[in-house]
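Below: the structure, in structure tokens.
Labels for the chains are A, B and C, by order of writing; each one numbers its residues from 1.
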């Protein structure tokens, strides 16, 4: 009886430790889906159209055989590949002080609807943040919200991973659009 | 003696906990390489050649100085950059009901052999899956199998990471190829 | 009294286990920032300029409306998109035996300074390493060091994640540059 009562804490402990170890061992982590960091930004894309070089933050650098570099391709911009260096702001005003830059590319990859794919980074170098976040994913533009992956980060966002939800906050013809990005990080180091 | 027997469960427990904590603390996780999810899909790429717009699921949007947008470059397609929106099927039949779309880009980056690099997403919106998987990696096409990374996921594949093995299941000239993709996820949330 | 002393190891154990579980459960892992693997490589990029096909390891495949495929665009190469298959060496000598290949793309995305974005892989198939590492991130070239993300790996680098620091080790005009890459992996399986 004395042996039994003395062993039980150890047994319980072993069971608890074993349970914790097992759940991580097979990749099925007992992760909460509660973010460890949440950030909201806007970024602003002004596409070069042959006449707006000084204001433009983006340019078509690849296009399909029927396209060109100063007009979006018809239909649905399909085949246009764009590189960009867009200001990031905290609100939806293009003229607010930028808090960083969104740099990378997007390209339109659908023939029958507006759809794009994005590979880009957020670069911060301010009093609030120093570092980068790297993103990749599909952007089915006509959906109200689209989720892409935060695939990594550096500096203040060292080793970050998460999900970013894109929303088209505004667009004006083929030249300007503004995206709202709700970033939720689930891995923070 | 009584003290000794009463402390030993605690000591053991501390040692066990310490061991578990230490292994994770330095990134050397005691991960099993047993997948937490396994999926097999096929996707089908029909490249635009100037005459097959209706059937085409992909188009050349960048090419080297000696290339063009309706014929693959010689040699080895080197320098061709392609955007695609390909149907995903559960078997190797192009005409099977698609279960999703593979959207993104590939480009041929080798001069002396067929080799490509891929950045793309799988988009699912069916009764089976709702969500996306994001991929990146090199595709040395002449190898029977090629491993790329699953760098993230959303929806049903929230925060997924893993490895996808590509196999060329068929190709017909320069216009059609079919890839088999064996996806093994090792991080599932 | 006897009950109290017998319960205390169990209580402590529970508290310790709970603490360990809680910290991981919300993504705030108690990660050390000590790398689990460190690697240093150089890679060498020789851009095709219309006259150096045999030596070239990279080619412009996309360019802005004012650019072309054999000369970098003015100003700041903005809009040039390049695919590459560069030798990786252990030292800064272009003629050292390559230990792998760096394959992927970079593009210049800034109008007012040299800046690029990179998506690429390291491919190893040697006695030292067999496998791949996949990278993505922004490269503000004029900074002495730039951090990008290791977003995944395969083979010997199965499921790797980390940070790679880029340094421009040399450049010669518009045709040759050499990058030093200090890779620190923080997730090793």
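Points to keep in mind about this one:
Criterion: a contact is a pair of C-beta atoms (placed from the backbone, for glycine too) under 8 Å apart; a residue touches a chain by one contact, two chains touch by 3 or more.
It should be emphasised that the depicted structure is a prediction, and the values quoted were computed from it without experimental measurement.
Judged by the touch criterion defined above, the protein chains are all mutually in contact, each touching every other. A rotation of 120° superposes the C-alpha trace of chain A on that of chain B, rounded to the nearest 5. Chain B and chain C have Cα centroids lying 18 Å from one another. Annotation for chain B: residues touching 2 or more other chains are 6, 9-10, 13, 17, 20, 24, 29, 31, 61-62, 81, 119, 136, 151, 186-187. Of all residues in chain B, only 6-7, 9-10, 13-14, 17, 20-21, 24-29, 31, 33, 61-65, 67, 78-81, 107-111, 115, 117, 119, 136-138, 140, 147-151, 161-163, 186-187 touch chain C in the complex they form. Contact residues of chain C toward chain B in the complex are 5-6, 8-10, 12-13, 16-17, 20, 24, 29-32, 34-36, 48, 50, 56, 59-62, 68-70, 81, 83-85, 103-105, 119-121, 123, 131-132, 134, 136, 151-155, 158-159, 185-189.
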